[in-house]
Amino acid sequence: MIRVSVVGAHGRMGSNVVSAVNAAQDMELVHTIDSGDDITAITSGNTDVAVEFSVPSASLDNVLALIRNDVNVVVGTTGWTEDKMNRVREELVNHPQLSVFIAPNFAISTVLAEHFAAQAARYFESAEIIELHHPDKVDAPSGTALHTAHKISAARREAGCAPIPDNTQSDGGSRGQIVDDIHVHAVRLRGLNAHEEILFGNAGEQLVIRADSFDRSSFMPGVLLAVRHAGKTPGLSVGLDNYLDL
Amino acid sequence: MIRVSVVGAHGRMGSNVVSAVNAAQDMELVHTIDSGDDITAITSGNTDVAVEFSVPSASLDNVLALIRNDVNVVVGTTGWTEDKMNRVREELVNHPQLSVFIAPNFAISTVLAEHFAAQAARYFESAEIIELHHPDKVDAPSGTALHTAHKISAARREAGCAPIPDNTQSDGGSRGQIVDDIHVHAVRLRGLNAHEEILFGNAGEQLVIRADSFDRSSFMPGVLLAVRHAGKTPGLSVGLDNYLDL
Amino acid sequence: MIRVSVVGAHGRMGSNVVSAVNAAQDMELVHTIDSGDDITAITSGNTDVAVEFSVPSASLDNVLALIRNDVNVVVGTTGWTEDKMNRVREELVNHPQLSVFIAPNFAISTVLAEHFAAQAARYFESAEIIELHHPDKVDAPSGTALHTAHKISAARREAGCAPIPDNTQSDGGSRGQIVDDIHVHAVRLRGLNAHEEILFGNAGEQLVIRADSFDRSSFMPGVLLAVRHAGKTPGLSVGLDNYLDL
Amino acid sequence: MIRVSVVGAHGRMGSNVVSAVNAAQDMELVHTIDSGDDITAITSGNTDVAVEFSVPSASLDNVLALIRNDVNVVVGTTGWTEDKMNRVREELVNHPQLSVFIAPNFAISTVLAEHFAAQAARYFESAEIIELHHPDKVDAPSGTALHTAHKISAARREAGCAPIPDNTQSDGGSRGQIVDDIHVHAVRLRGLNAHEEILFGNAGEQLVIRADSFDRSSFMPGVLLAVRHAGKTPGLSVGLDNYLDL
């Protein structure tokens, strides 16, 4: 039985984590705390893994406090800079058996889609990305699509691929945004949540990899996977692909 | 048995028409002619319907010659202006029982997709178009996508729909080309031929209509349908939707 | 301003209707009642349209009471038999200006998909249906898929279509269930809600029509559409396609 | 410049290989032979790699002859048994630097899709396969779909995954064929060629991997890839995934 505490338990993600931990048969929910509560109540005496979903301004201090109490941490809060991560690494020097895990994205389907896209990239003449989101999203394309484009492009460069064929002579914007040589298209449609489709083409064939995140619950399998993996890879790890066996 | 002659029989489309007519159990192939051959050999005495796939510079004269010989015509050649069509209408005055049918697109799936999109448009908050083609295509977006965007927009205006929601504040081109208020995205991918996907969204739901044209044979069912319909709607008709029972 | 009352307001669908009516700028929420409340409080003096989402055992009596109080009704409760509908028709004789509308499915995307599928059916050699739902659904295929299969088949029969080509000699069940000559496949996948994909094929071309219902909110646009249409088509109507301009 | 000879050059696949080799800038076409021609004309003196697309009854003898002449072989002919492969291995003992490569499927998209599906399998609650082919195919489901199902199931067993959730109580065949615990659905549709879609689901998320083979040319990138890899992995290898860097 993995003893789990949740930091930021009243937030939108945190409350989902509480439900997911309660539903997991191999986990026991110990402490749920939020801003104003004393985080030092979470110790290695009562907790194996703390899941931290707070706000960028609080997250570093929370993680440092948890490390000092000898607790493995799974972090979902955004806003991590290299400076902040170095502070975590320093603190971990005295706790060499602990793991701190930070994930920009806990959706397993999205993480796998990007990983597979990077593997496939060198074997196809053409590659394009379509990401689709709800119309309230203010940025386009999504950070995930940008990240995927860079990974595809890096894989193609490393393999020495020829440029992607494109004889378009006039478009007026329909060919989308070129991100590191990859055309990226962003659709905004009421009813959708967060979706990414990566298309690869050769003469006579196509490979399509699509990840659909329908709602916030899509992050929970990734959070639970990280909780189960905690402690197995000591030190600071960033990105769910580190915890997947790929 | 419908007696069919093919004008432009050695061309890429024409030779496909010849094969399709030969394979159709309710049709008989009578004459196949090409540039240099005498088109007046095709008469109402030997032919019910002539299928004309030639070049824009020859097509009008071919059609006029066929009308004079009292033959119904199905035209697949492009480049028809309003002036040229008026010449056809004048010639048809003396042949009131004849039909001349011009189709910018014979792919039934594409024609139906656009028709359905126009019908659906007023019932959804969001609508976007993704067209996908082989990378040798020089224009983007496709004429079909432009046409579909205008039909969707017209239907929404007529129904008094609210503007399509979109809170994007920065994109860098990923949101595509805005055609008559509709975002249109053009993908170019080796292996594809000609494809159009129209997405509609409301809270909690999505409707997707997709037409795939995998190769030139995709036009043949539409050509045969037009041949079978010839003579039933006298006069000049433009667009396969006129011959579909929708 | 349309004055709307909701019957069954505390149920899962009813509470969604309450939210949707509150959010609609052209509607005013008047009464919300549930089992135990007095339905006769809803009258033409305070309400233009009543939305009824209760239980099969209560729905007929609710509708009759609302008719007697001269209120138009939109019914989402299931379990309507021909007998029950005849009772409604009798009651409407004395209220010839009223409309009672019963919909087996309020998802506009689903209703449109089926309507378009029936229109397209006669123009393609092949047609198959794939429906996809969450794994807790006990019946397969879905009622919607069955209904769509029958409509496609009826359209093909009426048009005198040839049998659908299929040279399969051995399958072991992979070819799915044959419903009125149409192969229907049912996928059950965690993460999905209710989806239907209808595929049509000719030589070289494919038409795909797909309706996605991601959650219960997908029914609200259809409910609001029915509320806005109430009174315009007096008498009893069944099916949202009656209220769509197709 | 890789010197390539083609055995079975007049066949449907072989003639495609001839075109593909001619179009490849790093390859030179040396010999094209067919049944009746003397295969011993292909030697290490004139050829680096021979591509063999003949018939099952001739393929083994062809391969053995090529090995004796010190030529690397890429084999696309079907019908290879363990016995036949052992004969090849014996012959290779005296030619330890040679490679013989046999691929049941040269479509890179299909091979990658299956590889990715096996990697993803353990991370999802649900998995199903839909394969889609032209209606002239006599077997269902496809060999590829069967193979993919077994690989998904093996990966799930190895990872100790819980059974796939499915509360279906009645279906009538719509749930497809259960292959090694995986539901497999086979669609037959005029216009399609060979397609496979693998769906994975968790709460709130879906991963879809789809491979489309539109025509015979889809095998050529895989054949060229195998030609370029020839000699780098001495001995007998089976399956294109051996030659991909995954």
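We call the chains A, B, C and D, going by the order they appear; numbering starts again at 1 in every chain.
Methods note: a contact is a pair of C-beta atoms (placed from the backbone, for glycine too) under 8 Å apart; a residue touches a chain by one contact, two chains touch by 3 or more.
To keep track of the chains, here are their UniProt names: A, B, C, D = 4-hydroxy-tetrahydrodipicolinate reductase.
Since we're looking at a predicted model, the values are computed, not measured.
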item	value
Relative to chain C, chain with the most remote C-alpha centre	D
Of A-D and A-C, pair with higher C-beta contact tally	A-D
Distance from the mean Cα position of chain C to that of chain A, given in whole angstrom	38
Rounded Å distance between chain A and chain B, as computed from the means of their C-alpha atoms	45
Chain A and chain D, separation of their C-alpha mean positions in angstrom	34
Multi-partner residues of chain C (each touching 2 or more other chains)	124-125, 191, 200, 202-206, 212, 214-215, 218
Contact footprint of chain D on chain C as seen in their complex	124-126, 128, 130-132, 135-141, 145, 164-178, 183-192, 199-206
Chain B contact footprint on chain C (complex, rising order)	107-110, 112-113, 116, 119-120, 122-125, 200, 202-221, 225, 244-246
Interfacial residue positions of chain B with respect to chain D in the complex	191, 193, 212, 214-215, 218
